[in-house]
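After this come two complexes, each holding subunit A, first together with subunit B and then together with subunit C.
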Partner chain A sequence: MSTIVIEHLARVEGHGGITVELEGDTVTKVHFDVFEGARLLEPLLKGKRYDEVAPILSRICAICSSAHCLTSLKATENAFGIRVSPQTEMLRELIFRGESIESHALHLFLLALPDYLNYPSAIALSADKPAAVLLGLRLKKLGNLIQEVIGGRAIHPVNALLGGFGRVPAVDQLIAMRSSLLQAMADSDTVIDLIASLPATDFCHSDTLYAALRSPNLDTYYMGDEAMVVSNGNRAIVPAADYRSLTNEQSVPHSNAKHSTFQGNPFMVGSLARLTVNPRRLTGKLAVAMKRLKLTLPSDNPMDNNKAQALELINDVERALEIIERLLRDGVRDERAMPVHARAGTGTAITEAPRGLLIHSYTYDEEGRILAADVITPTALNAASIEQHFRRAVEQCADRDEAVLSRRLQMIARAYDPCISCSVHLVRKG
Partner chain B sequence: MSKPTVGIFGLTGCAGDQLVILNCEDQLLDIVALVDIRDFLMASSEKFGDSPLDIALVEGAVLTRRDADRLRAIRQRSKTLIALGTCAVWGGVAAMDRGADRARLLEEVYGDHGKEYDSQPAQALHEIVKVDLNITGCPIEKDQFLGAVAALLNGDAPLYPEYPVCTECRMRENNCLLIERGEICCGPITVAGCNARCPQLRVPCVGCRGPASDANTASALEMFAQKGFDRQQIAVRLRTFAPEGVAQ
Partner chain C sequence: MKPLVVIGLGNPLMGDDGVGARVAHLLAEDGEVTGRADVLSGGTDLLRYQDQMEGRRQVILIDAEVSACEPGQVRLVEESPRENRPESGHTLSAAQALELMRRVTPSLEGTRFTWVLVSVRGAHPGTDLSPEVAAAVRRAAEAVRRVLQRQA
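Up next is the complex of A and B:
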């Protein structure tokens, strides 16, 4: 028997590892080990008042803190029947786009790119290819600027509240964001050129199931009422209220993250899934970029998630610019957050965080205190699919060379852009 | 002079303080040129073994035996150990109810498997090892981190305020959310350094930076009582980011 162990995966968020065991030619064990400590925030939340929930749950994860915060607010608003203004929706979408720009730029340029070019880090890479690293840092900074201005802080936003915002952005802030966005638009060809120039990563092929929100409206794909699961030729719709059919989580002993399957099959969430479920987004400039990246959908290669992130990065910049132009044209009203009237009930929100589907679901008592909280994160949803793709990569590696396999497995793990802090937050039992 | 050797580590948390370091987009490449980064798993797969460090920056709280073992090993190899962020300094959100029955919480989330997990109540770093410097915040403020880097590179210790958020809030001439609007604002007892980030946005302080040593807590509690807030409710809220009994 031979074993491949990657003890502590580098260049990902959080603490995880990989274990693969082989007996002869047979792969006997494939584990994505998650040893992130369980903070148990969901049961600790019981008894907390509605206004404490989003600030606590955004702390699940820094990189996706805006998505956690906004999804949390939406779930509570759904429980209390609060409908926010169109301006609030627009500003929230801007935060989602800002977070996606930051997160994708961080992942593509600082975490994934060094793999393709054989460097241990972006810091080492910057000595030889400073332009690529500086481009990534510039885009990352833009994403943070948007989150800072609209959300009040780049990590763990403070300005997004139940029913609206503390303070809406000023015109000079919008103008500053516009000028950074225009610079990013000018950079978008360079992004695609760079990603298209990377060596092919052709070592893991698999029939893959993809799950993402189906966009009722191409502009607001980050929120919706139903998820769609797509495989080769087949599709199934899951309404938000039935999210548990996507998240029938199982505890597994080697991981503090539970595993999810849909009708017994692992599925992938994230950028590649979003583009696969919503191909109508891929028009104009994106369609051209997709050709240059040689990406075809549905893809059987999980490494294509990196290409999908590059496409989304460009799309996020375009869309953020559209929103800001609109806000500048129509003016921003100094709205206060809507009043909150707590009531007993359950509210669920499903959104698209940078890494994929994110679900928050809460039950409140009549005073607006938490009775139960469920949080299901993209990396928890991806865990079973990551293991399936590890297995395929080992099976498809002809000589089973340990160094080659070890590198490939790490690249697959990173292509998922796992957020391991997130992965250990999960649905309550039963 | 040789460059100081630096390690950047995360225990259990959200990785937000390491992310603040990576978010110093304009300074990052200059900083890494001035120091010798020997360990930064979140950003680099480079391995140097357990070489000695001049400075270790550690974020997150201790929630597992593995965390505790890693922290002791980091302490052993480091001259200066810096606790980065509220979780490392105070325990953070995972420590909000340390008295709760851990086995029950684990059972509630994981069922029977809960028993198998390596899990203990959250602890701040100084409850396990000696900590030389605290940089608090959830996450840390970028300016305070950059100030610390500049000071340490010059052989100085950075200084941080001990007064509460209220002091900064008044200097920014904000209307008081507690007195004028009757909102539960933790500004009177939370340590400053964020430039009153939340009240500046008309949003009450949630206390994410932990308690201020130079706060008039008695008077703050009296003010909360005058405004009609239940004492128990206030106490629970104040302990969201820094539990009882984690005095520095």
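Up next is the complex of A and C:
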């Protein structure tokens, strides 16, 4: 028997590893080991008042703090029957776009590029490809700027409240963002050229189930209350309130992240899933870029998630610009947040965080205190799929050289852009 | 924009890790300091402060440093502190972030960087500093003032 152990996955958020065991040519064990300690945030919430929930849950993660904050607000609003204004929905969508720009830029330019080009780190890469790193930093900064202006700060937004916003952005702030977004639009071709120029990564093929927020007529990360699962032309719709029928979480002994399966099969969430579930958004400039990237959907290659992120990156910039143009054209109304009347009930929200579907579900008592909370993050949803793709990659690798396998497995893990710290929540053993 | 900027780094919710922010807050209340330099509390992501550093003559960074020294020691260095930790784009340390920015940003070439480092044992949840590190806040602030005076 031979064993490959990668004790620490580099260039991902959090602490995880990989273990593969082989008996001859047969793969006997593949584990995506998540040994990050459980965050235990859900039990911490018990008894907390409704207005404390979003600020606490945004602390799950500093990378996706905006997504956690806004998904939390949406879940509580669903529980209390609050309907926010169209302007609030638009501003929340804008924050999501900012976070996605920041996250995708960071992942593509500082984490994935070194992988493809055989550099040990972004700092090493910067010596030979300073323009690429600088472009990534510029885009990341743009994403931060959007979150800072609308959310009040770049990490853990304070301006997004139940029912609306504390203050709305000023016209000069919108104009400044528009200027930066126009510059980023001009960089779109460079982004696609760069990703299209990377060496092919053709070492893992597998039929894959994809799950994402269903938004047939809207290009949105925030709005919508249904997830869709797609596989080989088959489609299933899961309402947000019925999310457990999608996730079917189970504890596994080797990981502090639970594994999710839909009808017994792992599924993938994230950029590639979003484009697969909502292909109508792939028109015009995106369709051209997709051809340049040689991406066809549905894809059977998890490495294509990097190409999908590049497409989303340029789409996020365009979409953010559209929202800002609309706000400038129609004028920003200085509206107050909707009043909150707490009541007993359950509210569930699904959104698209940069890494994929994010689910928050809360049950409140009649005073608006949390009785139960459940938060399921994209990396937790992806954990079983990551393992499945590890297994396929090992099975499909004719060369059993440990260094080759090890590099491929790490590249697959990083293509998922995992946020391991977020993936661990209360694990109920048994 | 003033030619000098002071940036206090660290997470004030993680005990001694937040000492840089605490020093920056103290300096921000000193009119003599703010007359000479902009003072910022920079959190944990130095990459966000690239704009604030570009075009400055000198950047003074105040940060906590896990070291073998007794907690509360203050040292002033011109070179970025050497580190022995894995690099991750998600969690670049301040020194790694600065190295990355200096490599790819031509407008930082003429900027001088000075670190004021306060030794700590580690970072733990909580808003209080340990007694040794709390006692170092004024000394670290003095160290920054001396650097500013040299620039006057």
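Here is the rule we go by: the second predicted complex is superposed on the first by the 421 of 430 C-alpha atoms of A that agree within 3 Å, B and C clash if a C-alpha of one lies under 4 Å from a C-alpha of the other, contacts with A are read in each partner's own complex, and residues count from 1 in each chain.
FYI, contacts are C-beta pairs under 8 Å (C-beta built on N, C-alpha and C of every residue); 3 or more make two chains touch, one makes a residue touch a chain.
From a predicted model like this one, the values you see are computed outputs, not experimental measurements.
Participant: When the two structures are laid over each other on subunit A, do subunit B and subunit C clash or fit?
Facilitator: clash
Participant: Look at A:122 in the shared chain and tell me whether it touches subunit B only, subunit C only, both, or neither; answer first, second, both or neither.
Facilitator: Once the two structures are laid over each other on A, A:122 reaches both partners.
Participant: In the superposed arrangement, does A:140 touch subunit B (first), subunit C (second), both or neither?
Facilitator: Both partners.
Participant: Would you sort A:332 into first (subunit B), second (subunit C), both or neither based on which partner it touches?
Facilitator: neither
Participant: In this superposition, which partner touches a larger number of subunit A residues, subunit B or subunit C?
Facilitator: Of subunit B and subunit C, the partner in contact with more residues of subunit A is B.
Participant: Name the contact category of A:155: first (subunit B only), second (subunit C only), both, or neither.
Facilitator: So A:155 meets both subunit B and subunit C here.
Participant: Would you check which partner chain A:282 touches, where first means subunit B only, second means subunit C only, and both and neither mean what they say?
Facilitator: neither
Participant: For A:8, select first, second, both or neither according to whether it touches subunit B, subunit C, the two together, or no partner.
Facilitator: In the superposition, A:8 touches subunit B and subunit C alike.
Participant: By the touch definition at the top of the document, which applies to A:240: first (subunit B), second (subunit C), both, or neither?
Facilitator: Touch partners of A:240: none, neither subunit B nor subunit C.
Participant: Pick out the shared contact residues on subunit A: the ones touching subunit B in one complex and subunit C in the other.
Facilitator: In subunit A, positions 8, 10-13, 62-63, 106, 110-111, 120-123, 126, 130, 133-134, 137, 140-141, 144, 154-155 sit in both the subunit B and subunit C interfaces.
Participant: Would you mind writing out the residues of subunit A in touch with subunit C in their complex?
Facilitator: Counting only subunit A, the residues touching subunit C are 8, 10-13, 62-63, 106-107, 110-111, 120-123, 126-127, 130-131, 133-134, 137, 140-141, 144, 154-155, 419.
Participant: Given the complex with subunit B, which residues does subunit A contribute to the contact?
Facilitator: Against subunit B, the touching part of subunit A is residues 8, 10-15, 35-44, 49, 52, 55-56, 59-63, 65, 106, 110-111, 114, 120-124, 126, 130, 133-134, 137-138, 140-141, 144, 152-156, 158-159, 161, 166-167, 251-253, 256, 258, 410, 421, 426, 428-429.
Participant: Which of the residues in subunit C end up touching subunit A in this complex?
Facilitator: Residue positions touching the partner: 43-45, 47-48, 50-51, 86-92, 96, 99-101, 103-105.
Participant: Write out the stretch or stretches of subunit B touching subunit A in their complex.
Facilitator: Those residues of subunit B that touch subunit A are 10-17, 19-20, 22-23, 25-26, 28-29, 32, 37, 40-46, 63-64, 66-67, 92-94, 96-97, 100, 105-111, 113, 116-119, 122, 138-139, 197-198, 200-203, 206, 208, 233, 237, 240.
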